[in-house]
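Below, chain A partners chain B and then partners chain C, in two separate complexes.
Moving on to the complex of A and B:
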């Protein structure tokens, strides 16, 4: 199942809930304000790093939403993969369901 | 593969309507079928043709209408959500004794059954909202 999260972890706890719910190895796509979770210097960085390293979650971020918010590659947690809308569609197509954490 | 999309937020108040549109374009660009876009809750505000954004801004409503025309996408607005928010086509306006209608080209007003059908018919239903 593909999980999409559009809330900043600095505003809501939907990303945390998503990580708790998602089975190991699942793709999690950060969109809209959800992309703020990628900030390596942020206080929620360890939560994202653990999700990747301990639960093998594949964490993606939508490139255009990163750009809109001025987040550069250098500021990002290593291991977060940047994709575009075509990548979003491909992830949705290869997953059996899409769960939007709204 | 067949996709359906659900939009729950109004244009210009949240990014969801923009994200949904760009996702819809990418679905079609990848050669998939877009069975339906269903507008629910504040999402029905995507369907008012009276919206007049500044010329240097994106026109969310016109963009959807163009998508319907170019790619024959079924744009469905929930009737109960639309009535609450003053979105009406000619028939709805007449039925409710209103002096005007405002549904944008390419949109149609129908019921929640269309959302259920969109979920059943499509391989993937992707929801955009707040």
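Moving on to the complex of A and C:
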């Protein structure tokens, strides 16, 4: 199952809830304001790093949403993978369903 | 002519995802024409509005980040940023756009508009206002 999160973790608990429900190894795609979760020095960074290291979640962020918000590669958590719209489509296509955490 | 009022526009939302940030900025720019004592405060995800390097690329989404640079020309000279909100997001002053205004009392010297403030300081500033607008 593909999980998408479109809310800032600093404003809502959508990402936290997503991480609690996603089974180990699942793909999690951050879109729209969800991409603010990638800030490496931010207070929610450890939650994202733990999801990657302890639960093997594959955390992706949509490149154009990062760029629109002014988040640079240097500011990002190293383990987060940046993908484009084609990558988004591929993730959705290879997943049997999508859970959108709003 | 009515007395000049102190008006603060409080911004607590990220630039995109909702229309609050853009609408708030437009109201500030329109309101600036009425020569009131205007300031803006940025807290919580509102601090993301001021991030440097925002680029809409080919998304078709309007990138209004450059518009904040016009605030100085409209005599909006006080942009208060909540220090704690910035720290929580792992950001520092240098991550924000360098916004300035020209100080007419000092031979139009260029001065920074953004002032980092504590929540205690911002609370005092809010208390001094006549009107608070929230976006």
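Everything below uses one rule, namely that the second predicted complex is superposed on the first by the 102 of 102 C-alpha atoms of A that agree within 3 Å, B and C clash if a C-alpha of one lies under 4 Å from a C-alpha of the other, contacts with A are read in each partner's own complex, and residues count from 1 in each chain.
Here, contacts are C-beta pairs under 8 Å (C-beta built on N, C-alpha and C of every residue); 3 or more make two chains touch, one makes a residue touch a chain.
If you're wondering where the values come from, they're calculated on a predicted model, not measured in any experiment.
By the document's definition of touching, both partners, chain B and chain C, reach A:32. Using the contact criterion defined above for the overlaid structures, shared-chain residue A:72 touches chain C, although it does not reach chain B.
Of the two partner chains placed by the overlay, only chain B lies in contact with A:93; chain C stays clear of it.
Legend: residue contacts after superposition of the two complexes on their common chain; A:19 is shown touching neither chain B nor chain C.
Looking at the shared chain after the overlay, A:60 reaches neither chain B nor chain C. In the superposition on chain A, contact is made by A:11 with chain C only, not with chain B. In the superposition on chain A, A:43 contacts chain C only, with no contact to chain B. Residues common to the contacts of chain A with chain B and with chain C across the two structures: 6, 32-33, 64.
If you check the complex, the residues on chain C that touch chain A are 13-17, 44-45, 48, 51-59, 61, 63, 65, 88-91, 95.
Residues of chain A touching chain B in their complex: 4, 6, 31-33, 64-65, 84-86, 88-90, 92-93, 95, 97-98, 100, 102. Chain A makes touch with chain C in their complex at residues 6-8, 10-11, 32-33, 36, 39-43, 45, 64, 67-72, 75.
Remark: chain B residues 1, 3, 8, 15-16, 19, 22-23, 25-27, 29-30, 32, 123-130 touch chain A in the complex.
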